[in-house]
Amino acid sequence: MPYVHMKLTPEGLTKEKKETLMRKVTELLRDELDKNPETTIITIEEVPTDNWGIGGESVTRRRQL
Amino acid sequence: MPYVHMKLTPEGLTKEKKETLMRKVTELLRDELDKNPETTIITIEEVPTDNWGIGGESVTRRRQL
Amino acid sequence: MPYVHMKLTPEGLTKEKKETLMRKVTELLRDELDKNPETTIITIEEVPTDNWGIGGESVTRRRQL
Amino acid sequence: MPYVHMKLTPEGLTKEKKETLMRKVTELLRDELDKNPETTIITIEEVPTDNWGIGGESVTRRRQL
Amino acid sequence: MPYVHMKLTPEGLTKEKKETLMRKVTELLRDELDKNPETTIITIEEVPTDNWGIGGESVTRRRQL
Amino acid sequence: MPYVHMKLTPEGLTKEKKETLMRKVTELLRDELDKNPETTIITIEEVPTDNWGIGGESVTRRRQL
């Protein structure tokens, strides 16, 4: 019954990459904790770099430096 | 003071359906737990089927099978 | 596939009340949006009144007024 | 290592306002709790008024009254 | 109507510090975005250092180095 | 800069298992998306089976059947 939420910036996050993340995190929880894949839920939220802050400024600004 | 967050895939989630969900969840918390509707907050997040995984694959792919 | 997260203060939140909330929210999503109960996940988080703020102060303090 | 998530409706939420929020929340955590800004993460989620409920109805409808 | 969720490790997080965080974040949102304090909700979640990872290991282990 | 939140029921979730999950999810994000482990944050929330619902009832009750 695990629930996993992943927040990621959108660049490079193709449909295929998302499938890979979902499959591998589900397998990890099955292998390490014997969790049933059929009740393992994973949601991916794509957070724009303007809306993600670290060190007191956005990732957008940080990358311009 | 309850706070409820609902993650749903967007299909069929009209403005009217959202109003209904917000009203009924708020009424449920008032009726069952005597919570004040004026401080009951509900947010709805629409998660694309590409970003929702179950059983190790996206809902998009699952629906194609 | 809906996922619902409810934050509530712990007072009066018995095991039975939690079962009722889980059943009724699941039924609401089935009735309004035709969501499959078997993939409807609900988690309840009990937030102490010291850790819940509204109007710039904790619910603990607010209730003392 | 704090992590702060802010849900806000999008009106008036310019790039500059977001930078200001990120900077000031990070400074607050540094000043009050001695948290290292370099590991302070802040994400901002913009929630449409149709998807935000209070008092059993959406903010969209509430503002029309 | 803002909703702010803060995840913090519990050390040094006294009742007074929590009141200060709630008051100052609420004031910040009022001053910067003209948000009504009476509908500004803040929840604080205390995450044990065993359950917080950065750089691929827990904060517990990281602090032992 | 990824942020991953995992909700799990507490049984079998030892300190060692948590370290393994944190390490492997961080490595997965580095390997698949080239994310920097030093800014990859993972939090684990342990949700009691009374507070986790699926199919309209708690996991506690479901396991008794």
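A few notes on this one:
Here the chain labels run A, B, C, D, E and F in written order, and each chain numbers its own residues starting at 1.
The definition used in the following text is that a residue touches a chain if its C-beta (ideal position, glycine included) is under 8 Å from a C-beta of that chain, and two chains touch if they have at least 3 such contacts.
Because the structure is a prediction, the values reported are computed rather than measured.
The greatest centre-to-centre gap from chain F, using C-alpha centroids, is found for D. Farthest from chain E in terms of Cα centroid separation is B.
For the self-contact between chain E and chain F, the two sides draw on mostly distinct residue numbers; the shared fraction is below half.
By residue number, over half of the contacts seen at D-E repeat in one listed pair from B-C, A-C or E-F, namely B-C. Chain centres here are Cα averages; for chain A and chain F they lie 12 Å apart. Inter-chain spacing, taken between the CA centroids of chain A and chain B, is 20 Å.
Each of the following residues of chain B touches two or more other chains: 1, 3, 7, 21, 25, 39, 41, 43, 45, 52, 54. Taken pair by pair, the chains that touch are A-B, A-C, A-D, A-F, B-C, B-D, B-E, C-E, C-F, D-E, D-F, E-F. Chain B makes touch with chain A in their complex at residues 7, 45, 47, 50-58, 60-61. Chain contact summary for the complex, chain D toward chain F: residues 1, 3, 41, 43.
Within the complex, the chain D residues that touch chain A are 15, 18-19, 21-23, 25-27, 37-46.
Against chain E, in their complex, chain D makes its touches with residues 1-9, 12-13, 17, 20-21, 24-25, 28-29, 32-35, 39, 52, 54, 59.
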